[in-house]
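Here subunit A shows up in two complexes: once beside subunit B, once beside subunit C.
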Partner chain A sequence: MAQAGQTSRASLLPGIAALVLATGYLIALLAVEKQPLIIGLLAFGIAAVLAANWFGWLDPVSRSFADREDRLGCFAILAAFVVAVFFREDHFVLLLFVTVLLYVVATLGLNIQFGYAGVLNFAGASFFGIGAYTSAVLNTYTAIPHLLVLLIGGLLAALIGSLLLLPVLRTRGHYAALVTIAFALLLKTFLEVNDVLGGPQGMQVKPMNLFGWSFNDNIHIGSVELSFYFSYFVVSMVLLVGAFILVRRLERSWIGLNLDALRLDETAASCFGLDIARWKITAFLIGNFLIGIAGALFGMVGSFVAPNNYTFADSLILVSILLLGGIGNPWGLVVATFIVVVVPEKLQTIQEYRFLLYSVLVIAVLLFRPEGLLPRPVRSYFPGWRP
Partner chain B sequence: MTALLQARGLTRKFGGVVALDRLDLDVVAGEILGLIGPNGSGKTTFFNVVTGIYGAHEGHISFDGADITKASSRAVYHAGISRTFQRSRLSLPLSIFDNIMIGNHKRLNQGLWFNLMRRGDFKREFEANYRAARALVEVFEPQLAERLFEPVAGLPMIDRRRIEICRALISQPKLLLLDEPSAGMTHDETKELMDDILQVREFNKGLTIIIVEHEMGVIERITDRCAVLNFGRKIAEGPYRQVAADRQVQEAYLGVA
Partner chain C sequence: MDLGVLAQYIMNGLMLGMMYALVAVGFTLFFGVLDIIKFSHGDVVTVGAFAALATFVSLRSAGIVSSPLLLLVMVTVALVAMAALGMLIARYLVLPLRTAPALNTLLITLMLGTVLRESVRLFYPQGANPKPFPALLPSSSINIGQFNLRLDNAIMLAAGVLVIVGLQFLLNRTKLGLAIRAVAQDEETARTMGINFTAIVLVTFAIGSALAAFAGIMNGLYYNEINFGMGLYLGVIGFAAAIIGGLGSIYGAILGGFLFAALQTIGAVALPFASAYKDVFAFTVIIMFMAWRPTGLIQEKISERV
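Moving on, here comes the complex of A and B:
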């Protein structure tokens, strides 16, 4: 560490510059339709990042984010709103954007489980689906307020996930992962044969309605018309910001330290009084809670749920986002989710081969940058804090 | 004087190997006891059984008046026993501060609500612990105290050993178990580390230490008393000079049957 770093806080400017460039790039990528242009833009993006890295321009950016995260977080929210307002009438783009936001919430949950506690969960999409089905059932058969439905979706994902706790705690490493895979397959079969839940055809989900504000209709403000997905964007954003703050505070606390300690060395951790089971359970349940809430909102956004939407393959996508972004780094997850969700959607030509793309991406990252695109830095309990 | 730690008839086997063989050992409060013996004589196993990593097949251990024979590692730590490991077991990607705080588990507020929601109070606790960790590391190496938020992975062996000892000391245990703290260090480094340990003891008068060590110079210098193990059995006990002159001990070290 440079002496200067000890005394003065890093400047905000590199962080803001990076956010502005990223926002502009994202808008361009989402706006362009022609395939050759998109390919060109992607190539340009990769080249630009590699070049910036080569010239050492990324270091000031990461220092800026490390020291001034609260402020830059507010700018990032602003940037997201700029993008959403830009595409205010475009259903397709807004839906894509909302999908990204909710996937980030889900991977934040996985990140607590795997990134911090080291508990692999290959049933992420299943718990996401449990949230979505919760919305489908409760919105159809009950009049429970929809915010409460989201909460119940999270709680149910945690509750049903706790069925896995015993096997996950008893077994280690790969065996625990196998248990979650078995669960994913079981759940899919259960949904397919269950007529109340619509069987293989799935069921409709009534759109969200908050205090009389129906998310079914476009919004009219004066002469401006906003897509109804804009409402979902706002709610998803609130959820994402809440989840992000939760994950950050968790990491920057003694609990985050506990999770790291038990992931890295269970024996040493128990020699220093750590209750391994207690903290693994805590991490697993909080993680599932986030995944479930995200899924419940996603169900309402998509207005339709079916067993085929929440398969083992989708769980693998969530895990690959985690590996790609940088295990344990929430900012990395945001970047990685954009890549994994947006690129195949824009590049129609490779739609068929998206799983091939994912595998190539993950293998490339594991080979050349094993800690992910944005590796997790050493814990700082309070960004910018100096002794 | 009553013993702080008392082992009676302690036996632990691994398959056909009897790693501890009806071991009786008393550790008096406030002393530094050297635990010595040839390779494979059961020293590490004794630490592992005391700290609940392995169970005992026979015998009892009591600590501070309570029976801890069947206690879990967690319970043993909470009772006031901390240890270091023969092969360093720090969490390499974590910072020096984080590693030391792992050892302070029982004195940190572990409540979910406190950690997530009462950030102001958490910050005060964090700052108090930062000062405590810093003061402790300064005893060992003032320069290291300036770098508490650097990852442990980049540090040389001697600094890692120091941090491991700080991790064990930060919670102010009654009994400290040191398993070959000088392993992998040069002669001079070893001397430096032992000075540090003696200095820490000046701060923390009540601290009792059991140290496993192969360097007899170290043992002679810092221990009040020694116990010698061979094939899991105690073959001698007493001040270093007396033990070193013991025939059985010399035979054990020379490998004479």
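Moving on, here comes the complex of A and C:
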């Protein structure tokens, strides 16, 4: 049997092929400017995925990702750098790319809450906003090193989130949803009427400055000039990789097992001696911490914060990403975030309609494919093991 | 503070309370028959108000100027349209998901709320801006001492009371009401007694959504302005009001609505900074209340079968 286990370990090849194709497609999609071409490209992408699914080519890919995740993760980082280097002079595309990366970090945080512990949080964008406002205030009024500001943003999001702990712990299901929705509306109105934080107009955020190196200057290496967003890309990528590894390790550990048990059946879990409150608190705080860090960096990248960017509708967009990608599957989140963030930016005609479109899309997903585009696989403790 | 101002505050509180109560009753009705929370309920309020406004605009351009006639047609159209919308939602989005996890129903109704809200914003002409709502009720007022009783407010309040009394009559004195209460108590027994479950659910959703449309029109007439986001706030407050009174109880929902309005009015008077932070205060109260009594003043009896 041991030998069978060895031989059935999936090959790297399908995964690498899929990554290469996805990278090429992404570069093409980001490079194209003409609207008809973009529509054609999107249609082609959908058709290609459907066809691949039809021919059964997606199974080897998912198996290869499941078995060789660490290796393929490195290749995915490489692919991200290839895309970023390709667009090294293009501010807009790099900004879009950085936005995607930071949204992935935020949804990873949300994923710990929704996907593992089953704690509802419909105020994701609010905690993102808390992080962004933290960097706005601290960068303006203090000289705290900016890496520390990111950390403080995350901690503050977790701290403010902990004000909600009591109601969230004491309530379930719909009631808990109401608490977080009320918080989302509360925070937005608070930011709007608070003059210290700039009111409805918002605030400017000073750009990041690491060890005396200002992030607002373009980078010159010899004769090559890189957009200043490239530095943000590197920092976001580091953040994303860290968050991804954290979430993956968390899922694989006994903590993840506890969280899963908690989500699936609270009563049974507590019968087996799991401390429900403790794990709910853990998941809620870690999740908000990740969202807050992503928000703090996003504030510096966008160099501007305003209450209208952190509304309840934006929280619902984050939840949509989670549902589209398949709750609990980090790789699915990456794919879904690219779809949700990039498509409306490229397809100007649907930009205005994006909230509407994604709500309809999520309703369709819930009705016809409730497990999402890339459903969460069974946790595998031994690479290559099959039941 | 003199008596006139006090009476003014009480009047404002009563108006607010009536709107909250009407929305809360919808939540409690839906929860009664199906044990679900329909988060899109608040946005049905918005759509109802906008449907009334659209009717007004088209009637006006058709040359009708008589205020009572305009109002009558507006109310009828909005109520019927929202009742139909409520039935459609129940039939195609809520009922098919009965066996799915509760989270899915929650998400679907949340997303549906966004669909309604965004549809109003995008497809109503200039729907992103606040819209003036016509003042169709007589605007004269009666002076009682220093208190200035506006006739339109009095009429709206009376209409609200009538609607609630009517609902009460419907639920307690008619066969339909008996069927609704039977389904709310025990779905299976009700079915075996020959009650058409699906039909009762649809009718309940129609009633609740029509009440929401009524609340929307009331909101428009009271503030003389409607906007696409108003339903979200009303929905959250209405849901909280329904919880305060204990979900599933009609009286509780009405009581909760007025209690919440009272709190908000007292907050606006007592706290010096409250006028700007009115909504912040309201939502803080909701969150604190949920922490204190997660299932309402009259606590839900929790006994779980495993």
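Basically, the second predicted complex is superposed on the first by the 373 of 387 C-alpha atoms of A that agree within 3 Å, B and C clash if a C-alpha of one lies under 4 Å from a C-alpha of the other, contacts with A are read in each partner's own complex, and residues count from 1 in each chain.
By our rule, contacts are C-beta pairs under 8 Å (C-beta built on N, C-alpha and C of every residue); 3 or more make two chains touch, one makes a residue touch a chain.
Worth saying up front: this structure is predicted, and the values here are computed from it rather than measured.
Asker: Quick one: classify A:Arg379 as touching subunit B (first), subunit C (second), both or neither.
Answerer: first
Asker: For A:Ala313, using the defined touch cut-off, is the partner it touches subunit B, subunit C, both, or neither? Pick first, second, both or neither.
Answerer: second
Asker: Once the two complexes are aligned on chain A, which partner has more residues of subunit A within touching range, subunit B or subunit C?
Answerer: Larger number of subunit A residues touched: C.
Asker: Pick one for A:Thr267: touches subunit B only (first), subunit C only (second), both, or neither.
Answerer: both
Asker: With both complexes overlaid on chain A, does A:Leu257 touch subunit B (first), subunit C (second), both or neither?
Answerer: first
Asker: Taking the superposition on A as described, I'd like to know which of subunit B and subunit C A:Leu185 touches: first, second, both or neither.
Answerer: In the superposed model, A:Leu185 contacts subunit C only, not subunit B.
Asker: Does the superposition put A:Leu21 against subunit B (first), subunit C (second), both, or neither?
Answerer: neither
Asker: Using the touch definition from the top, say if A:Pro370 reaches subunit B (first), subunit C (second), both or neither.
Answerer: After superposing on A, A:Pro370 lies in contact with subunit C but is clear of subunit B.
Asker: Would you check which partner chain A:His174 touches, where first means subunit B only, second means subunit C only, and both and neither mean what they say?
Answerer: second
Asker: Is A:Cys74 touching anything from subunit B or subunit C once the two structures are fitted on A? First, second, both or neither.
Answerer: Neither partner.
Asker: Same subunit A residues contacting subunit B and subunit C, which ones?
Answerer: Shared contact residues on subunit A (touching subunit B in one complex, subunit C in the other): 267-268.
Asker: Please output the residues of subunit B touching subunit A within their complex, sorted ascending.
Answerer: Contact set of subunit B toward subunit A: 51, 53, 72-74, 76-78, 82-83, 85, 89, 91-95, 98, 101-103, 105-106, 108-110, 112, 115-116, 119, 122-123, 126, 130, 134, 147-151, 167, 171.
Asker: With touch defined as at the start, can you tell me which subunit A residues reach subunit B in the complex?
Answerer: Those residues of subunit A that touch subunit B are 1, 246, 249-250, 253-255, 257-258, 260-261, 264-265, 267-275, 282, 378-382, 387.
Asker: Provide the residue numbers of subunit A that touch subunit C in the complex, in ascending order.
Answerer: Touch residues, subunit A against subunit C: 118, 120, 122, 164, 166-167, 170-171, 173-175, 177-179, 181-183, 185-186, 189-190, 193, 267-268, 312-313, 316, 319-320, 323, 352-353, 355-356, 359-360, 362-363, 366-367, 370.
Asker: For a test of understanding, state which residues of subunit C touch subunit A in their complex under the given definition.
Answerer: 37, 39, 93, 96-97, 100, 102-104, 106-108, 110-112, 114-115, 118-119, 122, 232-233, 236, 239-240, 243, 276-277, 279-280, 283-284, 286-288, 290-291, 294-295, 304, 306
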